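There are structures below to look over.
Note that chain A is present in both complexes that follow, paired respectively with chain B and with chain C.
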Partner chain A sequence: MAEVVLKNVYKTYGENVNVVKDFNLEVKEKEFIVFVGPSGCGKSTTLRMIAGLEEISDGELYLQDEFANFLEPKERNLAFVFQSYALYPTMSVYENIAFSLRVRKVNKDEVDKRVREVAEMLGLTAVLPNRPKDLSGGQKQRVAIGNAIIRNPKLLLMDEPLSNLDAKLRTQMRVELAKIHEKLQNTIIYVTHDQIEAMTLGTRIVVMKDGIIQQVDSPKKLYQNPINRFVASFIGSPSMNFMDGRIQINGDHMYFDVLTKSRFDEKSKFLLPNKVKRALEDRFIRGNEAILGIRPEKFSYKQKSENDQYIDVWVHARELLGSDIYAYFEFQGKQMIASVPADTEVEVDSHVRLYIDLTDACVFDKETEENYMYIDSREEKRA
Partner chain B sequence: MNGKKIKVEPYFYLIPSFLVFGAFLFYPFFKTIYLSLYKTNKMGQAKLFVGVENYTSLLTSKSFYNSLIVTLVFVAIVVAGSMLLGLVTAVLCNKAFPGIRFFSTAFALPMAIASSSAAMIFKIMLHPSIGIINKIFHLDINWISDPRYALICVAILTAWLNSGINFLYFSAGLSNIDDTIYERASVDGASHIQQFFRLTLPGIAPIMFYTLVVDIIQAFQSFGQVKILTQGGPGESTNLIVYSIYRDAFFNYRFGSAAAQSVILFLIIMALTLIMFRVEKKGVKY
Partner chain C sequence: MSETVVTDTVTTSAIKGRDAAMSMAVAEAKERQKIKQKHRKIKNMSLRILANTLMALIVLCPLLYAISVAFMPSGELFTMDMNILPKHPTLVNFAQALVKIPLAKFVINSFLVAGLITIGQIVSCSLAAFSFSFLEYKGKDLLFMLVMATMMVPGEAVIISNYLTVSGLGWLDTYKGLIIPYLTSAMGIFLFRQFYLSFPISLYESAKIDGCSNLRFVLKILIPLTKSAIGAMAVYTFINAWNMYMWPLLVTGSDQMRTVQIGIGMLNSVDAQSISLMIAGVVMIILPSISIFIVGQKQLIRGMFSGAVKG
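What follows is the complex of A and B.
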């Protein structure tokens, strides 16, 4: 049974401002779905439409196979965790967690039992009598989650629940959330702008931009098989590097000729590997213009295979991140990042030859920015 | 000397405010207490020291007890009415809707109306033969000349007058409540009524307490509307303490008795305020 189905859902403000456009999604039971995208892409609005906090302008919403467009929020049998926690300031932590049971007139002993269970699970037992203002950010967040899970709702919606926490707490809460999902086995729809949260938590990720779904896929597939340049640059940290250029065919070989700024530039022509060549061969590419996308970790200071291409660049900055070093360089007027192992000797303000592994490179259409290398898994199955 | 020298300079800065306080607060206050121990001449000058006689005669006077009871009933109606009216209008205007500015202005307007002019308008509206109230409801009631209705009419007028400032206070209190807690409550399954009693009321409890104290004090001091509408009548049915003080002092020229009533009124208000603050420490928290 599908937990949530959205069919051609639109959210329109005023005359012609579409915040969400033609949103189609089917969420199955026990999935952990993550909506991710830059701010203003309509992900929170979509979540609020599912919760009933926002009216659906057009399209259909089904919850547990029931048409739900016009149900009141409380009739939808779901829980919502807000970004600002939305704790009731006049109530103790205990009452905050118990609230949804209290308004349903559940008997006192049952409420007490469940509140203590949840508090135990979230490590809140000691602060039950306190008021929200006396809690730390992490504790507030846990109270909000406690209130949401006490009814054991089949569907749990979370709107950027970790964005108000500091980095360390966020990582910790991320792990706890994953545990909670595993333990409760409910369906979760989670909104975030942080692609790391999306990658680590989601069983499927919905990447959105300007109110339109770009791609829905597992974290791994999104990373390896992005549908277009936006998804490729949004997923993965640091972001993918892009080069403008032309596809050239020379006999049996296919090259990517990087658009050079000055004619005296060094080598800027890459031999494309067979995998890329095959994907591009039968495609019509207007003016042969394309964008080459290379992940930062595909650059290397050492040659790893003889197929590796190389560029000579000027490294102007570096960042040590413990296990990796980010080397910042400029290539043909564009800022790029290489991510190399920490034991690499990266010198700032020096000329370096960087080797590039192009096996998993992406090639994007110059105009539509779609990825020529994208493999539609649905089509694959049909074929 | 070693820094122990008392600094005189700071006290100079206090002089202006102490002059004002002294002239308009401290002097009249102590003068009232002083007068309440004397019998006076028609000019209000203390002539004969009588000790607590002014008080004892008050406490044995039926008229004074009547004033007390009338005042308490009046205060109860005014405070309940103005708080309720202020709260309802503030809750109504807490949602955005077309024309909200007009309604907000209308609900806050009583603040800007002088009690005497409001009383004039009410006098016309309540007029037994040409008044709009009797016309609309097809009644034939002499509102302000009938002892059964006079007090209620004055009290409702006062409640309306005081509701404007309450509307303002409650609106401020309501806008302080985070909107997302209502969204959370609606997902949690709370009805609008549950939301109102569990979230809205506790949320504005501190400001409600403050308005309650101010309203009570203000209600005790109502004067203009009584003076214009009923002059304490019919009989003594609207003879509030403040009006009774005014009558004793400026019609009967019994300044001593009037001063004694003022002192008693002061004691009542002070006691009420102290009690409320004591209760507040136990009740309202967050």
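What follows is the complex of A and C.
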């Protein structure tokens, strides 16, 4: 049974400001879905439409196979965790967690039992008598989650629940959220603008831009198989590097001809590996212009195979991040990043030859920015 | 300690001595500074208290004089002498005032009217403000503007038409006529709305998803949150209603319905020479307003300002 289905859903403000456009999604039971995208792309609006806090301008919403466009929020049997926590300031933590059961007139003993269970699970037992204002940010967030999960809702919606926490606490809460999901086995739709959160939490990720779904896929697939340049650059940290150039065919070989040469660049033609070549042969390439996408970790200071291509660059900065070093260099007037193992000798302000593994590289159309390498998994199944 | 280092120790002890003397001097200077600061603080404080007392005396002058007059026999008041304090203090004025008019009945009337108006305004204003700040409906902004616009019409301008309406309903000389026209106020709606707007809308949305009804949200969440605003509003409304003069004068005719403010006026018309009598009455009826103010002043101040200063 599908938990949530959105069919051609639109949200329009005023005359014709479409904040969400033609949104189609089917969420199955027990999935952890993450909506991710830059700020203002309509993630919260979509979530609020599912919750019934915002009217649906056009399209259909089904909850547990029931038409739900016009149901009141409380009839939808879901819970919502707000970014701002939305705790009731005059009530104790206990009452905050218990509130939705009290409203439903559940008997006292049952409420007490459930509150203590949830508090135990979230590590809030010690602060049950306190008021929200006496809690730390992390504790407040836990209370908000407690208030949401006490009813054991089948569907749990969360709108950037961790964005008010500091980095360390965020990582910790992320792990806990994953645990909670495992334990409760409910369906979660989670909104964030942080792709790391999305990648670590989601079983499926919905990448949005300007109110339009770009791609819906598992974290791994999104990373390996982005549908277009936007998804490729949004998913992954540090983000993918892009080079402008031209596809050239020379006999049996296919080359990527880098458009402008950087100061130290001698060689400006990459021989494309067979996998890329095959994918490109299948498709029509308009004007032969294309964009080559290379993940930072595909650069290396050492040549690893003889198929590796290379560029000569000037490294002007580096960042040590424990297991990796980010080397910053400029190429085609844009900043690019190479991520290399920490044992590499990376010197700042030095001339370096970077080897590139192009096996998993992406090639994007110059105009539509779609990825020629993208494999539609639905087509794959059919074939 | 060995012989060889004696000279050394001598010099070091000399240095130590000098250090000690210096540190003592420093300590003394510090002590002096402390005392100086303390004195300055005390001086400032006493100056401030003096200035405030003077100011308070000037402001309270009429009230204090009224209290003094209330204890004067009327003979003392109508002389050419400057009688600030009564020469022969007497309680006759108070006794007379209580006998000449049914003051107790008036006080009860006033309490009833002011109390019901206060309760009515708090209920109606908090509900209206709730709708203006949390609910979404067509024409909300226009409606709110209309409500605010009524604040710009002076009460005197509509008092005649209000009188005609009330008399048309046959409510003249009844509690209904005294109370019902004052059961809501634009000022109160505005005050509560400002308060409610300082709460995040997600508080309401969260309650809605929790399954909480609107009324329950107001009762269980908004009212506990706005206790201080309600307190301020209650004190303010009660005092205003207690001091109403024009309206009760128009719509009441019998002793049964009069409020104290009108009743006191009667003392004057019964006997033209009875200023001291009337003032005794005034002093008596001021007591409830003042005591309400004293009880509620903390609430009043907190309520008036906590909307402005968030936190």
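The definition used in the following text is that the second predicted complex is superposed on the first by the 378 of 383 C-alpha atoms of A that agree within 3 Å, B and C clash if a C-alpha of one lies under 4 Å from a C-alpha of the other, contacts with A are read in each partner's own complex, and residues count from 1 in each chain.
Throughout what follows, a contact is a pair of C-beta atoms (placed from the backbone, for glycine too) under 8 Å apart; a residue touches a chain by one contact, two chains touch by 3 or more.
Nothing here was measured: the structure is a model prediction, and the numbers come from that model.
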Clash or fit, chain B versus chain C on superposed chain A: clash
Please work out whether A:Arg131 is in contact with chain B alone, chain C alone, both, or neither, and reply first, second, both or neither. first
When the two structures are overlaid on chain A, which partner does A:Val17 contact: first (chain B), second (chain C), both, or neither? neither
Looking at the overlay, what does A:Phe99 touch: chain B (first), chain C (second), both, or neither? both
Check whether A:Leu78 is in contact with chain B, with chain C, with both or with neither, and answer first, second, both or neither. both
Once the complexes are superposed, what residues of chain A are shared between the chain B interface and the chain C interface? 51-53, 72-74, 78-80, 82, 84, 86, 88-90, 99-100, 103-104, 147
Across the complex, what residues on chain B touch chain A? 178, 180-181, 183-191, 194, 198-199, 202-203, 205, 286
Residue ranges of chain C in contact with chain A within the complex: 200, 202-203, 205-212, 216, 221, 224-225
Within their complex, state which residues of chain A touch chain C. 51-53, 72-74, 78-80, 82-84, 86, 88-90, 99-100, 103-104, 147
In the complex, chain A residues that touch chain B: 51-53, 72-74, 76, 78-80, 82, 84, 86-91, 99-100, 103-104, 131, 133, 147
